[in-house]
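Letters A, B and C name the chains as they come in the text, with residue numbers starting at 1 for each one.
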């Protein structure tokens, strides 16, 4: 007998309650997450953008945030940030449709990110206001490691892509039958660890600095 | 006989094995306050132990035998009142675990469990009683015994009742809801771990600067008082009910005497 | 990891005299408790979330086969190769074979307690693969040769001074200083190249999503994504009880897990892995395997241990356990320590091997209080004691003492007589002093504490002689 049949056999004999139909099970499962408002932290009247910024810049998340009106202003905003933090090195900008339409000539743009210590600019597909998280997916135009290897991670986020809660994100991904990217990640601030004496330290293996430039248009 | 006598709740006082042997004063304090609160109190002779030592060691058969004795002797009363959160909880929340497959007894057990109360919460929640004219001069810190707190929700009642005692000032205990390390048989089966736990507790107690420690369980009280005493700390330790009854004047558990 | 729970008492004796351990535990447990307290207080919907999470787990367990089938179908459609292992040995064989087939020489690993459970280190050794732990705490204990001492913070038993000394000794380039941030920086430097050149990346899964076939890792450091992206092969090992129905259900648990475990609303990286590299992807592994492990979980199903299968491995129970805080995780001698470990270990091995674990508990109940899925840990531990009793595993001393106690407790008149005598005897023994410092047969008590001198007679004696007592007998 294969391990698979042994496992399923053991489950069937343990669960002696009468089996429900798949529809009944699905119905029960749906009931269990109905009215998600009941477990979603309230925003107390704050707008999505304000909530997002408040959380992203909070002590538990430690990102910095900048706002620009149009997408065209983004490269300048990135330049300013890098000057502020004294970073003059090469910058890897994600090679994707949205970011390619911008003028990056003010930066020393490279196509390959260094193994460590580097700077990368990536595009967040979505943002989640509840927690100040950005959402990225792997793809042909999205080497996901660009979000994890740099020391300085600069994120471009369009305010129009903000959702309130993770529950609002799932339907946007195409549903059960749509092809899924290999990886989808919710990134909330800079990498960190509390593995030594429960002391919170930023910049474990992932980025130590996260700067989010939000385009309001 | 007037109508007030007919309405007096009949209470069976179950003093617990520890109170019986080590500190009868707690039992007498209960008696005094329960009567002052308007109860008719009896002390059934056939009382020994609630069965916790057996239950916590996994001996369900002995637990059940002891529990049957409690049920038989206490079921005639309107209420069963106990000066211990852990013993009251044993009867109130855990007896059902050893009667699950005893169809003849399960109803009787459920009925008894439903009317069993820890003494301070009984006086406060059922009798709505606040003793009058009680005086205790001292700075008190309070430890929340685990069963009373988590199984029975005893938290506000002792604090509210102590607030009515003249001369008594409360000061909060850091980690007041952390276990003291008694755990019934635990403290004698694993004495060194118990010591580490009670040491953390007594450190917190001493740090409050209080001259008095109160709690609602004699096991916890003996454990903490015994450690305070061994380490040479002068903190008077009483059961809450002793202070509320105005009967806290012998220096306390492991104290210096009158 | 070789289980040594039967030597609990020896481990405890050592732990209680280990000063470094005491410092480490003191520095951490209080912080973890207060961080959790704060974030839970801020989450007004906590009680409802907890209720839903408990209900979702119970529902899923009731239909476990249905959901596992759904998961397998969806994961396979996404390009995963799904394997089933009834036992740790089978799981090790599967992992070993995958590594051998891939010609792997090195494997990076993201922390996974299930990996510990199945002895994945041995699987890699058998396949001639060098194992590189990437989670900071796992890296520390790999260098130190220690087993994990906590399920979320495996190096909780180490002070930062001990870590500094370890890194000075073992890192290619010594840390810039002994400050904690520089120690972290040193580990980053040490492991960076290993991430990028590994042949295989191995992770666990915090959740399995039946509806989409995805696995989820909930981490903070970035090591999950750095482990699961560069290598040619990504292997996931997960217990079958990790499954939840859908994404919306995962949202419920994600809110609870990070709050309960580390006092954060969400961890830095909540990552869903759906399959191998898609055609055209800029990065990612070519092969993606999921190994689903039973290891006694199907035995717990339908038994009084079933609630244990709700566990989301947050570690809150051990963070709030006074016994854990006193002795640390290694004392338990098992993969899983603390309250949840004391319930799981007998289930994963035997009642006999687990011996002291269900008994070294004060039954104070804080674990149950902080558990995000309401596992009745103290009740389950007590039930395990009842099983040990029925299996005649209780110590002879306990059996004799309880037999005597039970005999007397059922005979009130005899009981009162003996108690009265005992009380009198104790008073005599006290020699007129208020405290008793020494007592034969009470070594466990008087070793560390005084005993009070009893009053002049038991309550029943005094009561029966009192006016009230005399009146009541008329």
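Keep this in mind: contacts are C-beta pairs under 8 Å (C-beta built on N, C-alpha and C of every residue); 3 or more make two chains touch, one makes a residue touch a chain.
All values derive from a computational prediction rather than experimental measurement.
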item	value
Chain of greatest Cα-centre distance to subunit C	B
Comparison of B-C and A-C by number of C-beta pairs in contact, larger one	A-C
Centroid distance [mean C-alpha coordinates] between subunit B and subunit A, Å	53
Whole-Å separation of chain centres (CA-atom averages), subunit B against subunit C	32
Subunit A and subunit C: spacing of chain centres that average the CA atoms, whole Å	29
Overlap residues in subunit C, where contacts from two or more other chains coincide	none
Touch list for subunit C against partner subunit A, complex	24, 27-28, 31-32, 42-45, 48-49, 52, 55-56, 59, 61-66, 68-69, 74, 78, 84-87, 90, 134-137, 140, 153-156, 158-160, 163, 180-181, 183-185, 187-189, 191-193, 195-196, 211-212, 214, 220-223, 225-226, 228-230, 240, 245-249, 251-252, 254-255, 262, 264-278, 280-284, 292, 294, 298-299, 301-303
Residues of subunit B defined as touching subunit C within the complex	15, 17, 19-25, 27-28, 31, 42-43, 45-49, 51, 53-60, 62, 65-66, 69, 97, 146-147, 150-151, 177-179, 181-198, 200, 222-223, 225-227, 229-230, 251, 253-257
Contacting residues of subunit A [partner subunit C, same complex]	2-4, 6-8, 10-17, 20, 22, 25, 28-29, 32-33, 36, 38-42, 55, 60, 115-116, 130-131, 133, 138-145, 147-149, 165-167, 170, 176, 179-199, 201, 203-207
Interface residues, subunit C side, partner subunit B - complex	12-13, 16, 322-323, 325-327, 359-366, 368-369, 379, 382, 384-390, 394, 398, 402-403, 405-406, 408-410, 412, 415-416, 419, 422-423, 434-435, 437, 442-445, 447-452, 454-455, 457-460, 462-464, 468-469, 472
